[in-house]
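There are two complexes below, and they share subunit A, which is joined by subunit B in the first and by subunit C in the second.
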Partner chain A sequence: MSKRLDPALAVFLALLAALIAFAAWLPAWAQSLLSIALATGMVVLGLTLLMRTGLVSFGQSLYLCLGAYAAGILNSKYGVTDMIIAVGAGALVAGVVAFLLGFLMATYRHIFFATLSLAFSMILYGLLVKSADLGSTDGFNLTAPTIMGIKLEGALSQRYKLILGAVLAAIATIGLWRYLRTPLGRLAPAIRDNELRVEYMGASVRHAVHVKYTIAGLLGGIGGALAALAVGHIDPDSMAYWTVSGELVFIAVLSGSASVIAPFLAAAVFETLRMLAHDYSPNTWQLSLGAAMLLLILFLPGGLASVLVRRSREPAP
Partner chain B sequence: MQQFLAVLIDAVNYASWLFIVASGLTLIYGVMRILNMAHGSLYALGAYTAASFVGFWSTHGYFPAGVFLMLIAAAVTVGVIMGPLIERGLLRLLYGKDEIVLLLATYALFLILEDVIKLGWGVDAYYVSQPYGLLGNVTLAGLSYPLYSFVVVGVAVAIGVGLSWVLNGTQRGKLLKAVIHDREVSQTLGINVSRYYMVTFTVGAILAAIGGAFTAPQISVSLGIGVEVIVLAFAVVVIGGLGSLPGAALGALIVGLARSLAVHYWPAVELFCVYFVMALVLVFRPQGLFAAPELRKI
Partner chain C sequence: MSTASSRSAAAVLQARNLRKQFGAVTAAGDISVGIERLSVTGLIGSNGAGKTTFVNMITGYLKPDSGTIEFDGRDITTLTPRAITRLGIARSFQIPQLYDALSVEENILVALGTAARNGQLGPATAPRGQASRLARQQEEQALAQILSQFQLRDYRVRLARVLPQGVRKALDIALAMVARPQVLLLDEPTSGVSSEEKFAIMDMIMTALAQQGVTTLFVEHDMEVVSRYAQRVLAFYDGRVIADGEPKRVLQDDDVRRYVVGMSHAAPAGARSHA
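Moving on to the complex of A and B:
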């Protein structure tokens, strides 16, 4: 077991550092694109952690949405405009809900895990579309955020959102990379391969899944809060509906689960393609998405991660 | 009393619609272990094709009652073309893989078909009011209902009875049950399993398209109808138990009743209650109300 940082992760961290240092020189569209990609990548990082365990959540938008609404409500209803508090609130709310639902979800597998997570996310959607205080289907706008008491306006605000996203992405990837090297983290692929043998070994599968589910929810909440800040607007259709979960699953498939940085790369690829499709061919966006997904399933089932991670003696996270 | 009757009638109407869509979904899952997300697109394709067929029939001024034939013709056309195409062209390549992989593949297919519909029919809404207007209204318990909605109830009952008869009363149905029970042993006994798969998927596709075709007159056929229906149909089959036909019927009635009660007495929870019921059933019976629990494999 090497304590040394994985080279791919080191390169990724260097890239994030460069991004933070040179954020001011990036054009506005690139800053906005990267902010959203980092937010989405955070949610997908949680999804891939579940995928390592053999679980596919078709309702991860639940945590994205909880994080976004927690940040949004603090921001525009209570006037707490600080970005760091917003992200903390998103993480807290999503993490607590994931911890509570985790007691139940940890006993579900396969298709039942997928459908139950879908049901929970649609319950939240059903509640949000009918809650007039939160703007029902229209959602609401966020006011300009601040950071540690400093007022941010225009370009500056955009830049700090990007920097915050990059810092959190660095923390999340290092944290998850380390977690995957602990005995509990290493159980994930074993649970996917054969749960019963893991139990014979003396480990509690339920506890391991519960922990992973909670981490995934926490990451989902952070990603949601970042997305809310980056877009400046939240509404149920683009945060909680099942198609959002579907998109997240797509990015997770594109990413693959063998690397902690692949989710961010996959999210960046996805958001770039979405931007291009939006400009050039809005009517065939889903078609290309679907076709790409089929090709991935058929020819690259391990996703981008399988390209990043060479098959070495040590099964690298 | 009158309101309670209205709740019941609405529930039955809604449940019939749900059952038509859910029956195909549960059939495909029961036989092939595929939770087919593309079912929603097949439903939408059925609705759009029905709109085109009925439009054609009406503009050419053939006898008016023929529009009902057009609804069925549209559904069969969609099913017979798309069913074998999807099953032979794609799903066949993925048999033996994890259920989740197949779920993702059909989700990809769903995305593709959504845009195919957009390219084929454009983004404008279609209206197919002819079959609706043809039948007029009936008065039931002092409330006026369009007779057409009871046609949908009839179609649902016919599908339910027809499918149970084929499954339980015919030789082919019994062979199909053998395939469901053990695919490999059936194959060694000389059953052409891949043909059963293709036919099952095609029948499922036709059922989805019938759902769409017969709903088309009641709604405006527009983008996004497939997205909405698939997740509702999911709720129905999951409540009833994946792969169980009586389960789908019961699930449809439960969802229909829950929604109808919500609409009449507490509209704010209309959407919420459907998924709440789904989660509630899953919490206590993860395999749904009718399906048998699966054995753990060592």
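Moving on to the complex of A and C:
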């Protein structure tokens, strides 16, 4: 476990810096695609943290949705249009809910954990569909956001959303990379492997899972707020429905859990594939995705991360 | 039958009237034992005699149906394995419990990190979660020390999954030792290891433990190993301690020869004629 910044992460941070510097020169469709990829990558980053711990959440759209609605409600119902406050609110609401549900979730594993997380996301979906104030199934639009008092219109607004996403992605990847090197962070793969030994080392498995679940929820909320800003519209079907969670798990598998930057790359690949498939084969796009998934599992079971992280280790004899 | 005497004087560990029943099976039937500080005790007994159950009760994995366990005068009967480990009682397992997907080094680092968080590596350690340079240096040192004490240096970057059985046993014990326990319970440290290797492994373990000053209990089927390393032997049979004392005396005991040695080991000719 080297303490130096790992090269793949350094390259990723340089890429984000370039993205921030040259955002203005990118075509609008690319800015929009990258904004959404960064938002999705943020949610998937949390999902891969859980995967590292041996847990699969089939309801991570819960936190994506909470973050998006927290940001959206502040923006369009209370006129708080600042992007940074929107993201902060998304993180706070999702983080608090994850912390509270974490007391229960941390006692479940395997299919029970997956199903329970799915159940909570469907409860939120059901509530939103019934909420006429929030537009029920139609959802609602956000008004043009501001940043630190500056009004942002059109192209400028889009550029700042991308920059904000890039800055937060940098913070999140560095933060999680460091966390995974702390004693508590290191427990993740240990818990996946052998909970009995973790307890007999004197560490609390339940506490460690709770912390990781809360971090994953927090990241989900940030990603959700970013997604709401990027799209400018929120509704239950594209934020909370179980297929959204399924897509997130798909991207998490594409990413793999061994790297903190792979979730963002996987999200970018996924969003690009989706765009291309929509443009070129709108009727068979699920088929293309299914085929991609199949190839992935056959040829890259560790996900993109397995390409990025080479472990310095002798092969098995 | 000679009964187990409880030596309460200067006992670091004191079990009183432990009982554990699994249906019709009596895994522990009124066990009372005191363990002296810094002593080395061998636990013997045929398969199913209740040795692992005893270790499981001391370390909190199983709650006794009745009876109490005291550590340093403190009642630990109802504590969890985690709490008991934090107090300073560690164990190894009959089947090594490792992190199979991690390397040997990573296995130890996980344990070191937890021990540091629990404040078990001494007062100079940095505060929780802080990866200060000092803590990092200490960690490197502690890692190097454990790798060399348990002869794991050559396996440093190997995945635990692919280790030979003897090395798995050593790593399992190393993980238990990371937190610098006061008491260590080893459940069959040499099982699955060839008889030529047994003494080498026990020498290595006992040297490491003696350096740290650890009260040791070990479960062992090989009577040669027991008489070489134990200062005191507890012989289990049918959930009870049927003999307790110096190895020489216990291994000569009629009941022990009949119920323990005779079953797992070739008994001297004529041992049966007493029956």
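In this text, the second predicted complex is superposed on the first by the 310 of 317 C-alpha atoms of A that agree within 3 Å, B and C clash if a C-alpha of one lies under 4 Å from a C-alpha of the other, contacts with A are read in each partner's own complex, and residues count from 1 in each chain.
As a working rule, contacts are C-beta pairs under 8 Å (C-beta built on N, C-alpha and C of every residue); 3 or more make two chains touch, one makes a residue touch a chain.
Here the structure is a predicted model, which means the values were calculated and not measured.
In this overlay on subunit A, subunit B fits alongside subunit C without clashing. In the superposition on chain A, no contact is made by A:I171 with either subunit B or subunit C.
Centres of mass aside, this uses C-alpha centres: at subunit A, the angle toward subunit B and subunit C in the superposed model is 80 degrees, to the nearest 10.
Judged by the touch definition given at the top, the superposed model places A:T243 against subunit B, while subunit C stays out of reach.
Of the two partner chains, subunit C is the only one that A:A203 touches; subunit B does not reach it. When the shared chain is aligned, no partner comes close enough to touch A:L100: not subunit B, not subunit C.
In the superposition on chain A, contact of A:A18 is made with neither subunit B nor subunit C. Touch criterion met: A:V253 reaches subunit B, while subunit C stays clear of it.
Touch criterion met: A:A190 reaches subunit C, while subunit B stays clear of it. Comparing subunit B with subunit C, the partner in contact with more residues of subunit A is B.
Contacts of A:A291 after superposition: subunit B is touched, whereas subunit C is not reached.
Distance between subunit B and subunit C in the overlay is 8 Å (nearest C-alpha pair, rounded to whole angstrom). In the superposition on the C-alpha atoms of chain A, the part of subunit A touched by subunit B in one complex and by subunit C in the other spans residues 196. For subunit C in complex with subunit A, the residues that touch the partner chain are 59, 80-82, 85-86, 90-91, 97-103, 105-106, 109-118, 120, 128-129, 131, 136, 157-159, 161-162, 175-176, 178-179. Residue ranges of subunit A in contact with subunit B, taken from their complex: 56, 58, 104, 107-108, 110-112, 114-116, 118-120, 122-123, 125-127, 129-130, 196, 242-243, 246, 249-250, 253, 283-287, 289-291, 293-294, 297-298, 301. In the complex of the two chains, the subunit A residues touching subunit C come out as 1, 3, 178, 181-184, 186-187, 189-190, 192-194, 196-204, 312-314, 316-317. By the touch criterion given at the top, residues 35, 90, 93-94, 98-101, 103-105, 107-116, 118-119, 227, 231, 234-235, 238, 242, 267-276, 278-279, 282-283, 286-287, 296-298 of subunit B touch subunit A in their complex.
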